[in-house]
Amino acid sequence: MNMYIHELKAGKRSTIIWTVTLLAILILYMSFYTMIKNDADAFVKIMEGVSPVIRQALGIAINQITSPLGYYSFVFSFILFLGALQGMNTGVNIISKEVRDKTADFLLTKPKTRVSIITAKLLAGLTCILITGVIYIIMSAIAMSLFTGETYNMTALILISTTLLITELIFYTLGFLTAVIFPKIKSVISVSLPVVFAFYFAGLMASITGDELYRDLSIFKYFNPMYIILNSSYETKYLMLSVAIIIVGFALSYVIYSKKDVHAV
Amino acid sequence: MIKVIEINNLTKNYGKSRGIVDVSFDVMEGEIYGFIGPNGAGKSTTIRTLLSLIYPTSGSAKIFGLDCVKDAATIKKDIGYLPSEVFYYDGMKVKDLLNYSASFYNKDCSKRIKELTDIMELDVNKKIDDLSFGNKKKVGIVQGLLHEPKLIILDEPTSGLDPLMQQKFFQLLKEENEKGATILFSSHILSEVQRLCSKLAIIKEGKIIKIETMSSINDNNYKKFKVEAADEIGEDYFGIKGVTDLVIKGNEASFLYKGDINAVMQKVAGLKIVNISVIEPDLEEIFLHYYEKEA
Amino acid sequence: MNIFKREMRANLKSLIVWSLSMVMLIGAGMGKFSSTSGASAEMTELISSLPNSLKAMFGFGNFDLSKAIGFYAILYLYIIVMGAIHAAMLGAGIISKEERDKTTEFLIVKPIKRHTIITNKMLAAFVNVIILNVITFSVSYKMVSMFTLDASLFGQIGMMMFGLFMIQLIFLTIGAAFAAINRNSKKAPVLATSTILIAYFLNMAVQLSGNLSFLKYFTPFQYFTADSILNEGTISIGYVVLSIIIMVGMLTVTYSRYEKRDLMV
């Protein structure tokens, strides 16, 4: 319990900064909604001259992306990137700092099993991410009513916003595992940013090409907002895949952390 | 006597590079046990294995009769550890770190923290980041002793401490020892081991090359005699068994002696002495002696 | 000169990793291009008349996706973001690592001036950036010209690469300046990457909203856009001057602060 509280204190500042950043981006981008909606309406009106097939196709696309939930989904893709970064950072940091700050000897010579040490860390990081996730879900609903003033499917919104939490957890797991495998990480951000960026790029490729392999690789595309809006549920395959990554990642972390040698630095 | 530490054929390989090979020794309750060897000989590897920071390739070690790997957490309740390089958490005050450290042991350590910080003259309200190396070291010492451990493990603990502080630190260790604590003290500085320890193991290139009690090391070794007499000393006056390296210059004689001390004292008593010195050889010389023999 | 060599060697591994990642990004991206995937001419024309905010949301901006260069233009944003991450970490790392790795004492007691240390380090970083740019240029040209080869291609990609080069130098000097200012060696990479994230999100905000366009001067990602290079065929001299001013400013800060501040040991 003392380790859990210690880790929570250590993570407090960064959790606040991340939460505020996510909310700032949410509010900034959502505040453009009315203007973009007007742009779109004006454009749809001047589309009169073009052939009906194309007008219809583009019109549907425009309507979709400028509906409250459609626009929110667009904004959400940026939030998701930051969230993934928070998750990865938290995971990498909570493990690697002991080696970086030379505190591993301190902690590991205390009368605690390695399992109880890693559990305390795991739960503390989980708590930080949960706090960010829950605050974000609540704020996303408030921002939606505030900036769109239109009716929308509340269930779909909550489901979309919750995927931030799931995505953060996946990246948290990856960060945690990475730091357990590579104990001598000197700078957290120089590991987490390139990794998250790589997954983000794979996500872009997935959406440009529709390639299934890219989608499986890119964690960012596991939860398609358009699918959620239409079905008010997640795709089972990707929900299972997420849970599997998290469970396997933590199981591996436990096994490796319990067995590895901790060297003097 | 009870074995506090029991190391049996402990081996640790780091790939192909150095490690320890077949290390065995026992530390009895109440001993201050010296563990000595040059840099890179395997002292830290042995200690880190005892603390289950690293795991043995083969062999085993027991502390308080419990297995070092399996019962690591239980064992550590009664171990205090001070590494050569101290650690600190970012942005923590001294007292925060000490309280955090204390929170791992299910007892009230506040009184002991107060005592120790007073002895070490440590300002608990300072941030650890702002402390000098020596002061960080003191935090390490207090941190390692605050729960009144039954076994204190020290890995080259004195670097960075001024002589006065070192004195206090040794005093502290002796007090802990008198209260019943067993101490394993690793060092490459022989004089401090000589001052403190009752028994020692010498390690070189990952292997234990000698285990001796301090007294037998001292007994079994040469004493340096320097004698200045009122009259000239005869060339073969000290020609008895056990004397070597004899040098006689007029009134002065110097030699090394090993054997029954009475025999040489009788010879000395036969002279009119102006001045005499009998010097115990320091560990340095003994150490070199062992090293050369093994090399 | 010995510091320069040491830094070149120390950064070699990371340069190789970054170069390979860049090659992979371009390769994976262009590998997915097929000229049939483009929309009809009428659609393309219609899309180009969309309001800027909607173009930004659809993600393909103003580009003709039926042409390889149009497809490449979408990748360009990711290329410059990646270049920025590389440069910022390089700049922050190369200055701050002595303090992080506690090698300051080693270096500073040598008979050299502090500004010589900075000059050597910045020079090494500069060469690293040039190498990455040359590799990016060659791979980009090779990949795009595989699909279409016309006379303007070399110039277009050349201008985009000039943009990448400028952006890298901007973030390199920003990273170095953060490292020179900060006594805490851990902060520099975090601040430098935060700057990239802020610039990135500002970039998107500028694109989405018409009335925030004055903010474009604050995000280097707006200085050299694929849109302006491909559709206007030029690079704005004003932005080049602005970039150089930023670089010189950051370099001045780096030299003067590193010269004066206490180094942590």
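Labels A, B and C are assigned to the chains in the order they are written; within every chain, residues are numbered from 1.
Simple rule for what comes next: contacts are C-beta pairs under 8 Å (C-beta built on N, C-alpha and C of every residue); 3 or more make two chains touch, one makes a residue touch a chain.
Because the structure is predicted, anything quoted here is derived from the model rather than measured.
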Partner chains shared by subunit B and subunit C (touch criterion as defined above): A
From subunit A, the most remote chain by mean C-alpha position: B
Core chain by centroid distance, with centroids computed from Cα atoms only: A
Computed distance of Cα centres, subunit C from subunit B, in Å: 57
Between subunit A and subunit C, centroid-to-centroid distance (C-alpha), Å: 25
Averaged-CA centre spacing for the pair subunit B and subunit A, given as whole angstrom: 53
Contacts with 2+ other chains: residues of subunit B: none
Residues of subunit A touching subunit B in the complex: 2, 6, 10, 101-106, 108-114, 116, 259, 261-265
Residues of subunit A defined as touching subunit C within the complex: 25, 28-29, 32, 35-36, 39-40, 42-43, 47, 50-51, 54, 57-58, 61-62, 65-66, 71, 74, 78, 82, 85, 186-187, 189-190, 193-194, 197-198, 201, 204-205, 207-209, 211
Contact set on subunit B toward subunit A in their complex: 44, 48, 51-55, 72-77, 79, 81, 83-90, 100-101, 103-105, 143
Parts of subunit C lying in touch with subunit A, wherever the complex brings them together: 21, 25, 28-29, 32, 40, 42-43, 46-47, 50-51, 53-54, 57-59, 74, 78, 81-82, 85, 89, 93, 97, 100-101, 186, 189-190, 193, 197, 201, 204-205, 208-211
